[in-house]
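Just below sit the structures, each encoded as structure tokens.
One chain, chain A, links the two complexes that follow: it is found with chain B in the first and with chain C in the second.
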Partner chain A sequence: MTETLTRPPVNTPPPPRRPTKRRRRAVAEEPGKRWLIHVPLVVYLLFTLIPFYWMLVFAVRPTGSTQLVPWPMTLEHFDTVWNDIGFGIFFYNSVIIGLGVLVFVTILSTMGGYALARFKFRGQRVFLLALLCTQFIPGAMMLIPLFVIFKGAGLLNSLTGLVIAEVAFQLPLALILMSGFVRNISYELEEAAMVDGCSRMRAFFAVTLPQLKPALVAVGSFAFIGAWNQFLFALMFASRQDKFTLPVGLSYALGEFNTDFGALAAGGVVAAVPVVLVFAVVQRFLVQGLSAGAVKG
Partner chain B sequence: MRTRTWAPYALIAPTLVLMGVFLIYPIGSVVYYSLQRYNVTQPWKNGFAGLDNFKQMLFDDPLFWQSLAFSAKWVFVEVGLQLLLGLILALVVNETFIGRGVARALVFSPWAVSGVLTTGIWILLLNPSTGIFQELSELGIGSPGTSVLGNPETVFDALVVTELWRGVPFFAILLLADLQSIPKDLYEAASVDGASRWRRFTSVTLPHLKDAIILSTLLRAVWEFNNVDLIYTLTGGGPANQTTTLPLYVARQAVDSHNFGYGSALTVAGFLILLFFSILYLRLSKFGSRA
Partner chain C sequence: MRRLLVAVAAAALALTACGSGETGGDGKVTITFWDNNGGPARTPIYEELIKRFETANPDIHVEYVGIPSASVQQKYDTAIAGGETPDVGGVTTSYLAHLVGQEALAPVDDRINGGPLKDRLLPSLVETVRQTAPDGKLYIVPSSANMDIIWYRTDWFKDAGIEPPKTWDEFVTAATKLTDTAANKYGYTIRGGAGSVFQLITEAYAYSGVDNFYKGGQSTLNDKANAELVDKVADLYKKATPEADVNNSFTQMIAQFTGGSVAMMHHNLGSYSDVTKALGDKVAAIPLPVGPSGKRTIVPNPTDGFAVFKNSEHPDAAWKFAEFLTSAESNSYWNEKVGQIPANTDVRSAAWIDKAAHVKMALDVLEDPATVLVPAPVYLPQYSSITKTDSEPQYQKVLLGELSGQQFLDEMAKKLTEAQKEWEERK
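Moving on to the complex of A and B:
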């Protein structure tokens, strides 16, 4: 892109600017049909953004105000939820759980995905089938037995317990996705490294892992977002307020502060900002990664 | 290339352990509890119950049938609308236009938002005194003080729209990913042959998307069937159990009544129903066979 900004020497023809040209041609191709794209796009953007805007407005305008363009803004609601209601603690808990799940799901799914993609072993089909079957297990319906297990293991009211449960539930799908990503990376380079005397592990770290970077980003952020948003387990397995996560805190805010919309909105913003930012950054990798064939399994 | 090494087993061992303890063992114990009287608040009555829980469920519990019927309606409406809108959205953001990257990030963003947060946002948007219907009524559209969540006639529509807001991006992302894997020359060939835009859609795009559509609708149907957090926080299953799904009913048996035996029987029923319809769906849709 920067090349087009530098002035070309006098005698040489200007460098071809293909992207712009192609874009213009696409527009010019069927000029009457552009509304087919623009109208649904604008309608859908409004549907997506108005609810977000509503929350932002409620979060920054003073109590009692009904202005739709909130000015002057106030941070009083953020002060209330962060310090008085305890969203500061909930935020910390959610970050710990999110990062814990991210690390374990990424590492374990890479290990398992590599095993599925690069080895043929006895029991492989059964293992794959078991992974797929887990997708039909309703999380809500596992509450009862999991509660009994957690109580027996002393994992109630502990962040560790929530991380373990969430990792167990996310791992199967992450592993299937990861095996698709690994399969898409050529095995030849890795084999060549092994012929040259690398151990399999060394070959993996030197050759395959660097190429897996987009996949790691996609799977890791998937895991983080899922853990950040997990509600039922966190609600059931943590009854002490200092172990609440953001969704649990928010669900209590929905009931208790039903009239204090400012606090509810500010709490919502606190819960939304990290995931929406993470997602905005990684959604490109997600589409590219899935497009590379992982969808088909 | 079948190897006799221990390496693959070592690599999947942690996953196997986690799955065994937190997925497979619990399934077994749900089946076991479903045959027991097991109520935390009445421990002296606990014991083997045979099929009593299932008999009660099938013949003596109108709420089971009601919640099952609502679950079916919920899944059907949600998945159908999400697929339709998601497909349109994927086709739109697959086109070339200025600001496409930003537009994609924006329209996909509700996917990252939790069910509880979605509830919070839409309660703010739909509240009767300072919500969007109030603002619209000041512009002369509709009547002031409209409470769509408190009115039994509109609560279902409000619930559906709220879940659409969060659910459509899932389909849009998966279908967009699949759209991008369609070779460009297929479209060029179709254009050369004089195929219209609609014709190219029906004879190139749709057949290519078939497997992705089948898989994503199935995953989504299971997920919507099991969806608890949004309905639980937005309506709590009300008014008058009107919006109670089967998993919500189970969760209430577990959380409120502590009736683990009966709740487990409901779980087993839900699991079997889900499995049956999933297999039926994959069979009928001929998943994996290209048309």
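Moving on to the complex of A and C:
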């Protein structure tokens, strides 16, 4: 194993500092020019928030109402979603699948990403290319072959099967992302730890892994959202009402001849809230450490 | 939660989690039923019917699976390819030919004739189902029919002092009169986006009175009178309709109508619950207006029904359930809730039909001996691509004034003629 170990070239240029920092501060400090930042920000914020507002309005106003301010409010649509459509079980399934995918994708991509970044092995470039190529194949094309395989393995109608399918589809991109993150962490740090007597494993856990926190959060949340939104596999690989996921539940609101916009919006709120909450908690990790350079000079 | 922990801890070892456990230990037979339009509107109806069925047949357990209607065809295709079809499934004639082509269904002719449903099903629906299969057999037992109609605002018409239109000319007059663009009120809404062409075809034949989709192997779609109607509809665009109509699928159309900005909307009985939920008794239905010929011709909507799948391990139990769903009592219950035309003729005398004005109207039209049915060739494999993928964008050009109605129909008729010829040769 150790023969294949190569040090990355020492003269890799350090990641470029952020020269914009000073200029940005300069703009912000000039009171007359503050609008240069604020106006685009507000416009962008409106752009992203109005659809959310729209969803909330539809979710809480009675059917047939066209008011822009949803008053009086009603919870009938949430009742439809939770009791008539049975969102409870779909919600549970989505959480299980989302967490399962998150855990497996994060662990596997960290291991694989580390290997891709730190070791050189025969066929590495081909392997990376192959990883990229898998991203070009739409899931719908693999549907029937996968269905047959899953049937043979007894994985139809089970959440485990959906987790496996989703992990398999998400892993390539996660691996590529993760190897990039690992590559950006100086190998010298690990070497320093190993000089002090750490094994490679210990050096990884003690030195590299803590610095990978933003990467873990990024890859993990990516995986979670991907699984959370999974519709096609969830509908095709399960033929039992109690194995469907939230997106399948949402699509119940779109009937052949009628669309229950209230239920659709209320379902959207139910489906979006956990994701928004998760992001509210983890977003600080996403930016944290981006500027924390380790090797100075 | 425990399952997650197990899954996480045991990682890949947990591969063989729960299988699908089909047979009960107590000799009870389990059959699966797929609802092809699952959702809060229909699921409770089936749940009630299944409860009744299981009470009457304690040895059969029915497992209900609601499939979202937009994905049902893909779900059936995947299931057929993977050999995991249900025992009974809701199937409409719009994709029946496709399933029959994959030899997934068992014909039900003998079962119908050997049981209580014999001579109890609306002949027009049975005929529609027969025409869909290349061998003329019944692969679904028809349960319900839909019909294209015009929903209109009774209050607007009353306020303006006009009668609901019977002819297309009256329709145009009413639509123009009820339009007040300044007040965001429009007389009509056109379906210009997804699903537009089927509705247009029903309007065209209702107007022209042409009584056959093919004459001598040639599609009659580009008949002069049909083209005249297309131009008349395009004339209304923007004058008596919202400008956004060019992109309307039925959802936007219904949203405009239930939102209260439109006086008349062409859709079908299926939107009954949506429009009445939003507008109460301020809405009613009329048949599509007729043209100068005065003849009433109808292009029937896809017929709903239940299919027994060939791979079913319990075909007798499966048929028992399909037959139960189509029995007078169940069929009456289902169609009353949904507001569609019951296929079982014994339901005709049910009390609710007199109260459901739109169903009674539709039944009257269907039962009127002067009414001629002009079934669209939904059995053609290319039907959907010709009328949707190819033609819907072209229709938008017609609405925008870039293409004449005649050119548009000529193009579509040519393709339908060729497709029909191919189909005849292969039959």
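Rule of thumb we're sticking to: the second predicted complex is superposed on the first by the 219 of 297 C-alpha atoms of A that agree within 3 Å, B and C clash if a C-alpha of one lies under 4 Å from a C-alpha of the other, contacts with A are read in each partner's own complex, and residues count from 1 in each chain.
Methods note: a residue touches a chain if its C-beta (ideal position, glycine included) is under 8 Å from a C-beta of that chain, and two chains touch if they have at least 3 such contacts.
Just so it is clear, the model here is predicted, and its values are computed rather than measured.
When the two complexes are overlaid on their common chain A, residue A:263 makes contact with chain C while staying clear of chain B. When the two structures are aligned on the shared chain, A:164 is found in touch with chain B and with chain C.
Look at A:84: by the touch rule set out above, it reaches chain C but stays clear of chain B.
Touch criterion met: A:100 reaches chain C, while chain B stays clear of it. By the touch criterion defined above, A:52 lies against chain B but remains apart from chain C after alignment on the C-alpha atoms of chain A.
Judged by the touch definition given at the top, the superposed model places A:144 against both chain B and chain C. With both complexes placed on chain A, chain A has more residues touched by B than by the other of chain B and chain C.
Contacts of A:251 after superposition: both chain B and chain C are touched. When the two complexes are overlaid on their common chain A, residue A:275 makes contact with chain B while staying clear of chain C. Legend: residue contacts after superposition of the two complexes on their common chain; A:172 is shown touching chain B, with no touch to chain C. The residues of chain A shared by its contacts with chain B and with chain C are 66, 143-144, 147-148, 164, 236, 248, 251, 253-254, 261.
On chain B, the positions that touch chain A within their shared complex are 1-3, 5, 7-9, 11-12, 14-16, 18-19, 21-27, 29-30, 33, 85, 88-89, 92-93, 95-98, 101, 103-117, 119-125, 127, 130-132, 135, 165, 173-174, 176-178, 180-181, 197, 211-212, 215, 219, 222, 225-226, 228-229, 233, 247-248, 250-251, 254-255, 260, 263-264, 266-267, 270-271, 274-275, 278.
Residue ranges of chain A in contact with chain B, taken from their complex: 22-23, 26, 30, 33, 37-38, 40-41, 44-45, 47-52, 54-55, 58, 66, 68, 108-109, 111-112, 114-116, 119-121, 124, 127, 130-131, 134-149, 164-165, 167-169, 171-172, 175, 200, 225, 228-232, 236, 247-248, 250-251, 253-254, 261, 264-265, 267-268, 271-272, 275-276, 278-280, 283-284, 286-293, 295-296.
Within the complex, the chain C residues that touch chain A are 3-4, 7-8, 11, 14-20, 32, 34, 36-44, 63-71, 74-75, 78-79, 81-84, 86, 146, 250-251, 254-255, 258-260, 267-271, 273-274, 277-279. Interface of chain A with chain C (complex): residues 63-64, 66, 80, 84-85, 96, 99-100, 103-104, 143-144, 147-148, 151, 153-161, 163-164, 235-236, 239-241, 248, 251-261, 263.
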